[in-house]
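Inspection log for the structure reproduced underneath, given as structure tokens.
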Amino acid sequence: MLLYIYIMAITAEAMSGALAAGRRNMDLFGVAFIAFLTALGGGTVRDIILGNYPISWTQHPPYIYLTISAGLFTMLIARFMQRLNRMFLILDAMGLIAFTIIGCNVALRLEAEYQYSTVVVIMAGMITGIFGGILRDVMCNRTPQVLRHELYASVSLLVALLYLGLKYMGLDENINMLISFIVGLAIRLAAIHWNLSLPVFSYSPGKWK
Amino acid sequence: MLLYIYIMAITAEAMSGALAAGRRNMDLFGVAFIAFLTALGGGTVRDIILGNYPISWTQHPPYIYLTISAGLFTMLIARFMQRLNRMFLILDAMGLIAFTIIGCNVALRLEAEYQYSTVVVIMAGMITGIFGGILRDVMCNRTPQVLRHELYASVSLLVALLYLGLKYMGLDENINMLISFIVGLAIRLAAIHWNLSLPVFSYSPGKWK
Amino acid sequence: MLLYIYIMAITAEAMSGALAAGRRNMDLFGVAFIAFLTALGGGTVRDIILGNYPISWTQHPPYIYLTISAGLFTMLIARFMQRLNRMFLILDAMGLIAFTIIGCNVALRLEAEYQYSTVVVIMAGMITGIFGGILRDVMCNRTPQVLRHELYASVSLLVALLYLGLKYMGLDENINMLISFIVGLAIRLAAIHWNLSLPVFSYSPGKWK
């Protein structure tokens, strides 16, 4: 189940990357690169930080082909993306949750080798969830959107807390995932619907340190 | 002693990151993320480049909490930061020196495994000292300030050279650190006071390669 | 032979990095840093992604000195660079090809440890070839040029495919490299001469995801 959602998620992320590349007038290669980076960059950063070698996608070539193809395919259907916006946001939200849960589990699996504490496990989930989008924005020369508005990273944090909490309470894995998905999706969609966001910190006087 | 200075240093760096995030109107999460990245990003890049796994902060959760808290706390006291500017610069300078010395020692400690030569040890110190600020600026969509002006990276280089030179001469570790701190701090504060800086290279004609 | 071309290549890349730093009015340290990053950053990213520790340049200090010196030297001769443009483009093209071949071989050498599939080997070659320029542009706060125009990454891809194809067919290594160089150089120079490029994807409506 998580695998299917993961595949949908990297496809959706790759498409979001391709659109961002299109806004910077990138060429075919740029689109493929940003699509790949958006979809698999979060997991790559997580693996590098946790020392989880070999890095996941290097052992699963189909993910490489899938994300690049999804990116290139997006060029053809970009004109319809506006209309698909709602579906896209739902896929993206499901991806965020799937990435978070997978990231937590990767950190937990390394316990024997490195003994990561719970806060690091949560961060591994969040890095998997949001870092692809951060890398996409850095490569497209923008301040990362995930740091600026909407409940996005916060949803990842809440899902990680909920999932790990239920796991430590010994809940059945499948039921745990189901609950985490429903709650996470509900919060994310509510955030989109009511435009919920965290307080913003604006600072302007003086010169840069 | 170095530990206390290190803790002060990551706090100061986290605060500088939070202010940078505030200039980009980031939300609570963005502020916490940039604070963390500014404070612990330099050490993270050093550990990744040296292959020093597990990465330091993953084994010290208190540093994670401290930097995030310091970042969020900065939002509350931002209005007073102007007045605290002088103290802030001193803390930041002490942090630069502490980071540099710690970075050199991490590379030296890996000698058994990888045999890093002196120039790599020096670079490890400098990466620890300056890369947090570079990552902060990249994430905030600015050309890294440390590459543009003031004697900042140069102070890190001088401290690394001095510290390692005295170490190879067999000087007592504590005396060595004391000297490195005094000399490094003096140069850094002199650079700030007299606006010392390295020559700048300006190149404009033709098109980008 | 490949070693000589590699040394020429990192020198040319360091010079290209120094010019980019000059366009951002960086100081001596910034120039040295960007020169180093442009020349050796691609190999660094490749090593980190493949888990190839210790990272190559940490074991070859002369490369560190060479790239930093080349960067600083460029400041002196920048005024003549326009006139050297043609030679520069040829060196850069040879560097791209050398980097690609070396990157593929690094991935192949890790076979015993991690068993990377062919697509990952190709990507290792491309990362080595183009990531230095990407890091240079990110640090200089620009959208990476390699993602935007010209057949550059594509040349790297074609060279990797050709080189690995001939290798798997059992062709003698030296003849293989010679063919890969001639074909790669021909395509790259043709691309520059006739301004060949990949189709560009432009997307503008709606708001950013």
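When the chains are written out, they are named A, B and C in that same order, and each has its own residue count from 1.
The criterion applied here is as follows: a residue touches a chain if its C-beta (ideal position, glycine included) is under 8 Å from a C-beta of that chain, and two chains touch if they have at least 3 such contacts.
Model, not experiment: these values are computed from the prediction.
Q: Given that subunit A and subunit C are copies and touch, would you call their interface same or different according to whether over half of its residue numbers are shared?
A: Different: when the shared numbers are divided by all numbers used, the fraction is under half.
Q: For the identical-sequence pair subunit B and subunit C, what's the CA-based rotation angle in degrees, nearest 5?
A: Answer in degrees: 120, to the nearest 5.
Q: Just the number, please: Cα centre separation of subunit A and subunit C in whole Å.
A: That pair's centroid distance is 29 Å.
Q: If you look at subunit B, which of its residues touch at least two other chains?
A: 48, 138, 141-142
Q: Please name which positions on subunit C make contact with subunit B in the complex.
A: The touching residues are 16, 18-31, 33-34, 44, 48, 53-55, 58, 61, 64-65, 75, 78, 81-82, 85, 88-89, 92, 138-142, 145.
Q: Subunit C touches which residues of subunit B in the complex?
A: Interface residues on subunit B, with respect to subunit C: 48-51, 114, 116-117, 119-120, 123, 134, 138, 141-144, 146-149, 153-154, 157, 197-206, 208-209.
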